[in-house]
Amino acid sequence: MTEIKVAVFPGSFDPITVGHVDIIRRAAPLFDEIRVAIGENSQKSYLYPLQTRLTWLQDVFSSFDNVAIDHYEGLTAHYCREIGAKYMIRGLRNASDFDYEKTISQLNQIVGGDLETVFFISRPAFSHISSTIVREILKGGGDATPFLPEQIKIQH
Amino acid sequence: MTEIKVAVFPGSFDPITVGHVDIIRRAAPLFDEIRVAIGENSQKSYLYPLQTRLTWLQDVFSSFDNVAIDHYEGLTAHYCREIGAKYMIRGLRNASDFDYEKTISQLNQIVGGDLETVFFISRPAFSHISSTIVREILKGGGDATPFLPEQIKIQH
Amino acid sequence: MTEIKVAVFPGSFDPITVGHVDIIRRAAPLFDEIRVAIGENSQKSYLYPLQTRLTWLQDVFSSFDNVAIDHYEGLTAHYCREIGAKYMIRGLRNASDFDYEKTISQLNQIVGGDLETVFFISRPAFSHISSTIVREILKGGGDATPFLPEQIKIQH
Amino acid sequence: MTEIKVAVFPGSFDPITVGHVDIIRRAAPLFDEIRVAIGENSQKSYLYPLQTRLTWLQDVFSSFDNVAIDHYEGLTAHYCREIGAKYMIRGLRNASDFDYEKTISQLNQIVGGDLETVFFISRPAFSHISSTIVREILKGGGDATPFLPEQIKIQH
Amino acid sequence: MTEIKVAVFPGSFDPITVGHVDIIRRAAPLFDEIRVAIGENSQKSYLYPLQTRLTWLQDVFSSFDNVAIDHYEGLTAHYCREIGAKYMIRGLRNASDFDYEKTISQLNQIVGGDLETVFFISRPAFSHISSTIVREILKGGGDATPFLPEQIKIQH
Amino acid sequence: MTEIKVAVFPGSFDPITVGHVDIIRRAAPLFDEIRVAIGENSQKSYLYPLQTRLTWLQDVFSSFDNVAIDHYEGLTAHYCREIGAKYMIRGLRNASDFDYEKTISQLNQIVGGDLETVFFISRPAFSHISSTIVREILKGGGDATPFLPEQIKIQH
């Protein structure tokens, strides 16, 4: 009997971008279940409230059979153990991302009991897109539409 | 008839350094007009007030025929469109700068209607100088004179 | 009905190292079949002949149920299409690897009809090990045993 | 009276790619004259003969008013001085390119009498394209059409 | 007569990690005296109070003959001059650290009167460990024991 | 009784540059003896013969009390063990150097029995200088004088 392969795609999704969606679209066939999970940190402030971000995720991934939406507090590695996920999914946009992601993935193998991280490199059309950049555009009064999934409507 | 080539050199200039001046000195012959423009962000705090920074820029670039000083709020790409600038000038100090600048320049081509960014790599004598470093020196009670244009006098 | 997930782990394996084995050990549970495949290039010279390298791969992976050994000429993307593999597996050791691997993976999506590359970051104990380094040690008369799978015996 | 602004875009162009063309298209409005110049090195071997590469450049840039084709031997900085070019144009694809280009541009300011290098960052659609990659595809029997200007026909 | 070689190993040590200890263990034979010194910045907030961090350093390095514990305010370069230290010791974990450390070391040679920085590259077993990461684990309720010297007991 | 501290500064020195000299000048006070040692590899070709390079090193370092010149074949780690050197000295110019040097230093700790590598970051005035670049200038008929120690006379 084969074990069910569960993966977590963690993030703040403040807001979710077309880059996130592309990673999940590519990763989905590899796993039996993917949890797109918002990690909440009470010491950080967010541009959009948790409930808004959860609703956006629900809308965006409603057509994916094996994607579920969730949220958690504390360490991502603990959340993964709790729900029985042995994999994490991460996107890599550029070389600057690399050393940070390497550090975190090594940490998760220690703290998370051999939690394995699987990486996908962002496609060219998405490698300049991040939630940070989208927030800067929105704060500056710009039009972030090209960077957001069509299900998300944000006025500018 | 040739179109007038206008470029923007955006920044906080908190404070302006000899590194900034070197970039403008090298870029000046390529453009008909350069706007050295302070981007103001009401959510950020600065070490020096806007008026002081503007006066410094005026003093430092008074001998440049084709350099004007300005300030703006909101997205840099919007400011460029507003004043009819089709170019942005940016300095690159090291590989760590690269991925960030690449992201921003790609963004500006989307948000800014093909706003083109022209890069100059900092000369060795200036590649370790940034406003961030100068502020750290000043806060720590050090002498930042070697990093500041001669027109700027800051007591330590 | 679920499609069989086939992945290719391409390389010269001149020689195979403990780093390669660790990547396959971690990737094996994700795929139905993995082909560890030697890409032969008649214009390159190798330290060990193809037959030796194939035998080593057979010995090293004999205990893996879903790993098969193979070799090919020409583009890796063509080989993948030929055998019906929709995935490639690659290890990332450090930031220097990143930009090269990004380029190749984007290329494979164009040349290879959306061939997907899945990345694993090398664990700390293996991130300084490459076939190139092992060849340097062997040419210099050093002991490469710590870097080779136990099935490989190379005299020094 | 304004000085005529002449820039050199040096390379092997073995072969020219759509990435090269995009850089020149973006740089062309900034200069009065651009020389796309093949640097010949008798100690290197090329996939395509000099005459073929020159003809390709002629065909590709025939519609650009201010672009001329040339070739030279020896140091690029010497060639620039000889033809009175004060600028070099270079594309930057990724962070790996950066440190190399920084070294070369600093060298050219010493050897070339303050020869100035102006950088453009490759657009996402072109940042994975290099002549090296195109040669690999061609040698492997692949179809390089998506990476070549439409004027270039190479059979595979 | 040979001059006494004094080196400073500056940091916040909030908290000290096994990575810090490994650097000092390796650097200790090279110097006559090493000061492990906490740089206090009244504008920053720390997870552990200065006194706790000093006591930890005392405990951890009590068995090192040539290591003394200290703390200071203001620029590290000024502190070094004050105590007659001509060397600084720094660990480098990954390429992302490099450009920052290069900038700081060049700065210290200007501000600090040719203060020399000596670098050690972190060993693989420690290169993913930083105080920042340890604080994240502790805040998230995780077990940071594998990253802390045995003398440090922090409950989770 | 203190152990004598011996360090090796290995390289091809084809030719030696002012960058090499600066590293030794800065490292010399830290060690009792430094061996500047040419690693000969019979499979590589050099621009200058071994005897010329050795004579250059002799001339350049004749005024350094604790510097000796040597050459060796095989692994650097073996040479260090043979002469009782427990340290290697390496210069780091830029982030591109880093991952390579990290790999080699970790290797040397395994192959060389805890051989320790001490790094110095090149000063800005020297960070664009390498033997590779100097050879390119010389082959192209350029003047490499600014990059060579005054004791070295190479006609161009």
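Quick notes
Labels A, B, C, D, E and F are assigned to the chains in the order they are written; within every chain, residues are numbered from 1.
In this text, contacts are C-beta pairs under 8 Å (C-beta built on N, C-alpha and C of every residue); 3 or more make two chains touch, one makes a residue touch a chain.
If you're wondering where the values come from, they're calculated on a predicted model, not measured in any experiment.
Contacts with subunit D and subunit E are shared by A, B, C, F. Equivalent interface to E-F within the set B-E, C-F or A-C: A-C (over half of contact pairs identical by residue number). Looking at which positions face the partner, subunit C and subunit D present mostly different ones, since fewer than half of the interface numbers are shared.
Subunit A and subunit E have centres, each the mean of its CA atoms, that are 34 Å apart.
Averaged C-alpha coordinates give centres for subunit A and subunit D that are 39 Å from one another. Centroids of subunit B and subunit D (each the mean of its C-alpha atoms) stand 29 Å apart. Multi-chain contact residues of subunit E (touching two or more other chains) are listed as 94-96, 99, 102, 106, 124, 127-128. A complete list of chain pairs in contact reads A-B, A-C, A-D, A-E, B-D, B-E, B-F, C-D, C-E, C-F, D-F, E-F. Residues of subunit F that touch subunit D in their complex: 93-97, 127-128, 130, 133, 136-137, 139-143, 146.
On the side of subunit A, the complex with subunit C involves touching residues 3, 5, 26, 29-30, 87, 92, 94-95, 98-99, 101-102, 105-106, 109, 116-121, 123-124.
Taken in their complex, subunit F has these residues touching subunit C: 43, 74-75, 77-78, 95-96, 99-100, 102-104, 106-107, 110-111. On subunit B, the positions that touch subunit F within their shared complex are 94-96, 124-125, 127-128.
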